[in-house]
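See the structures that follow.
Presented sequentially are two complexes of chain A, the first with chain B as partner and the second with chain C.
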Partner chain A sequence: MSEIKIEDLSKQIKGALILDKVSITLTSGKIYGLRGKNGSGKTMLMRAMAGLLIPDAGSVIINGKTLHKDISFPESIGILIENPSFLPQYTGFKNLKLLAGLTGGISDEEIRTALDRVGLDPEDKRTYRKYSLGMKQKLGIANAIMGEPDIIILDEPINALDEESVKKIKKVLLEIRDKDKLIIIACHDREELEYLSDIIYEIKDGSIVDRKEITNDNA
Partner chain B sequence: MNTVKFELYRAFHSRSFVISLLIGSVICALDLITFCVMVGLGGRYLVQAWIGTDYLFAYNQMFYILLPVLACLPYGGSLYTDVKNGYDKNICVKASRLNYAFAKSVSVFLSGFVSVCLPLVVNLFIAAGMYSNYVPERLNATSIALDDIYLFAAISDKNPAIYCLVYILVDSLFAGAMALTSLSLTVKVKSSFTAVVTPMVLFFMFDIFVGVKDYGNWSVLAMLNPWQYMHFYWYQMLTVYLVILIVNVAVITITSRKRDVL
Partner chain C sequence: MKTLKYLRRDMRLGTVNRAYVFLIPLVFSLLMSLQFSSIINVFNANNNSQFGMTIMDYYVFAMKGLDYYTLDPFDLYPLPLYWFTFQMGISYFIAYYPEKDYSENGVNILVSGKSRASWWLSKVFWCILSVLVYYLVAFVSCAVFALIQGAGLSLGVTKEFEVAYFGYNMTYVSYSDLIVIAVIVPVSITAAICLVQLLMSFVLSPVTSFAVTCGMYVLSAYYTAWFFPGSFTIWLRSSYFDERGLDPVSGLVIAAFMAVTAVGFGIMNFEKKDII
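This part shows the complex of A and B:
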């Protein structure tokens, strides 16, 4: 059971207010969608939840522990925020293996499973620099879901993916949600976001302006 | 510890580490070849042939002028690259910023250390296979420690090869500390190239400054040359080393702690 509690979170970057007193609580077993125009603050909110932003005011509390006070980073998290970035000289498997080594506890088999689930061949000998845009995106998703962390944050996960891959990713995300994981997604595609999400937050000028519960048949 | 292992793996498997080693090795090899061809094999000593103390050809100066670049090139620009392409996000959700900065610092220091140490050691070993480790006469104007006032003169009087090894250790430790300069410059520079080259420019400017002000024996780059064409005291060497190390570590720590990973 995971919970992210955001209390009065505010952040300014270079004088511009990018998050303005955001307060929400997210719990596991659900997919949360973030919707908003470009520059509305979706990605920054995701960064703050991942511990990548240091708040000017307010706090991000994960499972009762305040980020940057009690913990430096969330204990179990996978992210894909903006463009995926990996080491170009290594294969997809090698890239994930290196990153998995940072925390330990993720086996080669789990890495292979993650790659397979997003539609990448774990035995592919091509290096990351030779990957297509779609393959890079899939590797980014595989990185976020490998080892099935408690919290998964995906910013525009279906960008650059073909229709078949989108279906596959959606299926994987719903499977993971059903294992009582907390998933947060930002997506420009309204239909896809509504299909995947249980709750959608609308963000405007760094503030949450609307909350909408979605009832669909994927539950 | 995992983050340190991860960064060390990246540092020592990087193409720039190999390039740095190659540049250092080529300069060292050219020096030894030139010495063999121009001076010959007979009647010469190890300390005359080793690049660090061979003052006959320009390769000695070339190596020590380029030393900051050789040190920074392997991994000094890596934090800039990580930040620029967003790779640091992958790490900062799995390790604290301070841990990441510590791992980077260790890897940058060690890669700088090795990229300077290895060519000098290999050059010394090859030279030792060709020339005797004879202790030169002080008045022979060979190259090093002509008087007791020179650093490590007692060692060079007993065993010149050990003197060379001691100086290689000193140079490599300095190289590690200098490499950290490129890491601490990361927040200010606009490219990985600038991060790698700026430390050399800074050390040059410092040398010019102390030269103009008549404090030439505080020159960092001259201090590192085992030929010792200037006279230094050990406390100067230690002071300069500690200043470089402490300033860099402080800047890296302060800038890393509160950095937003964008």
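This part shows the complex of A and C:
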């Protein structure tokens, strides 16, 4: 059971207020959608939850532990934020293996499973630099879901993916959610976001302006 | 443990994958050894002597640097290119990888490793290890060349030759002094300069930090002073050898100060840095 509790979180970057007293609580077993225009603060909120952004005020509390006070980063998290970036000279598997080596506790079999689930061939010998945009995106998602961490944050995960791949990713995310994991997604595609999400937060000018519970047949 | 995980990755991506830079100390050592070899031959011929030399003689010669220089507008003093290239080689090696690793892969590797301080400490250890390996390549290259030339496999120096070649002052430099001024101080000060450069590459930019380091080394060649720490990498400018020179102990203190400052500021910087 995971919980992210955000209390009065504010952040300014170069004088611009990008997060303004955000307060939400997210619990496991649900997919949370973040919706808003470009520059509304979705990505920054995700970065703050992932421990990448240091708040000016307020706090992000993960399972009772405050980020940047008790822990530097959430203990079990997978993220894909904006464009995925990997080492161009290595294959997808090798890239994930290097990252898994840092995380610890993720086997080669789990890496292969993650690649397979997003539609990438674990035995593919092509290096990352030869990947198409869609393959790069899939590798980013595979990195976020490998080892099935308790919290998964995905920023525009279906960008550059074809229809079939989108279906596959949606299925995988719903499967993971049903294992009592907490998933946060930002997506411009309203329809896809509503299909995947249990709760959608609308963000405007760095503030949460609306919360909407979605009832669909995914539950 | 986290630092070790990061360090293993850094050694692989930052050192093994960029091992071509170690050609610089290799070529530097071979050129200096060739020069030394011909000096010995001429010296032996002129003095009707038969100095056999050791591998340490070759290394000490390669690392001698350049004589103390007093500013004089009428004295043309060309930039010592071998020494400068050697020092620039390691600065170039340190300059780009850490910042590139951070800006291109920072999100993934920091979230995976889950520690900002460990990531920075890994870069610190990587930097120090790189300097050690760089100097080791120089030493091994000198040693191999020296052995091929028939030098003895000894870490001692041929005192008679050193005094005859480098001059009377060498009489006062003991073997242990030479180890301190020609090996320990240059390696320590180079590592410290690289650590400061490493920090600057994040605070400013890799290009700026590299340019500042280049400038500092150029100034060190022309002006011997503690505040141009590149001077400490030149053992001919040590106070043990030249009374106008720099005290090697102060070099060690400065190296320690620079290293502690760079590591401390680096940790503080990264603990509060937004990863965007």
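Just so it is clear, the second predicted complex is superposed on the first by the 219 of 219 C-alpha atoms of A that agree within 3 Å, B and C clash if a C-alpha of one lies under 4 Å from a C-alpha of the other, contacts with A are read in each partner's own complex, and residues count from 1 in each chain.
Operating definition for what follows: a contact is a pair of C-beta atoms (placed from the backbone, for glycine too) under 8 Å apart; a residue touches a chain by one contact, two chains touch by 3 or more.
Here the structure is a predicted model, which means the values were calculated and not measured.
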| item | value |
| --- | --- |
| Room on chain A for both chain B and chain C (clash or fit) | clash |
| Touched partner set for A:107, first chain B, second chain C, both or neither | neither |
| First (chain B), second (chain C), both or neither touched by A:143 | both |
| Touched partner set for A:83, first chain B, second chain C, both or neither | first |
| Chain B versus chain C as contact partner of A:25, first or second or both or neither | neither |
| Partner chain in contact with A:75 - chain B first, chain C second, else both or neither | second |
| Chain B versus chain C as contact partner of A:51, first or second or both or neither | both |
| Which superposed partner A:13 touches (first chain B, second chain C, both, neither) | both |
| Which superposed partner A:98 touches (first chain B, second chain C, both, neither) | both |
| Touching both chain B and chain C, residues of chain A | 13, 47, 50-54, 72-73, 77, 79, 81, 85-87, 89, 98-99, 101-104, 143 |
| Residues of chain A that touch chain C when the two form their complex | 13, 47, 50-54, 68, 71-73, 75, 77, 79, 81, 85-87, 89, 98-104, 143 |
| Residue ranges of chain B in contact with chain A within the complex | 2-3, 5-6, 9-10, 15, 85-87, 89-99, 258-262 |
| For the chain A and chain B complex, residues of the former touching the latter | 13, 47, 50-54, 72-74, 77-79, 81-83, 85-87, 89, 98-99, 101-104, 143 |
| Partner chain A, residues of chain C touching it in the complex | 2, 5-6, 8-9, 13, 17, 104-105, 107-117, 271-276 |
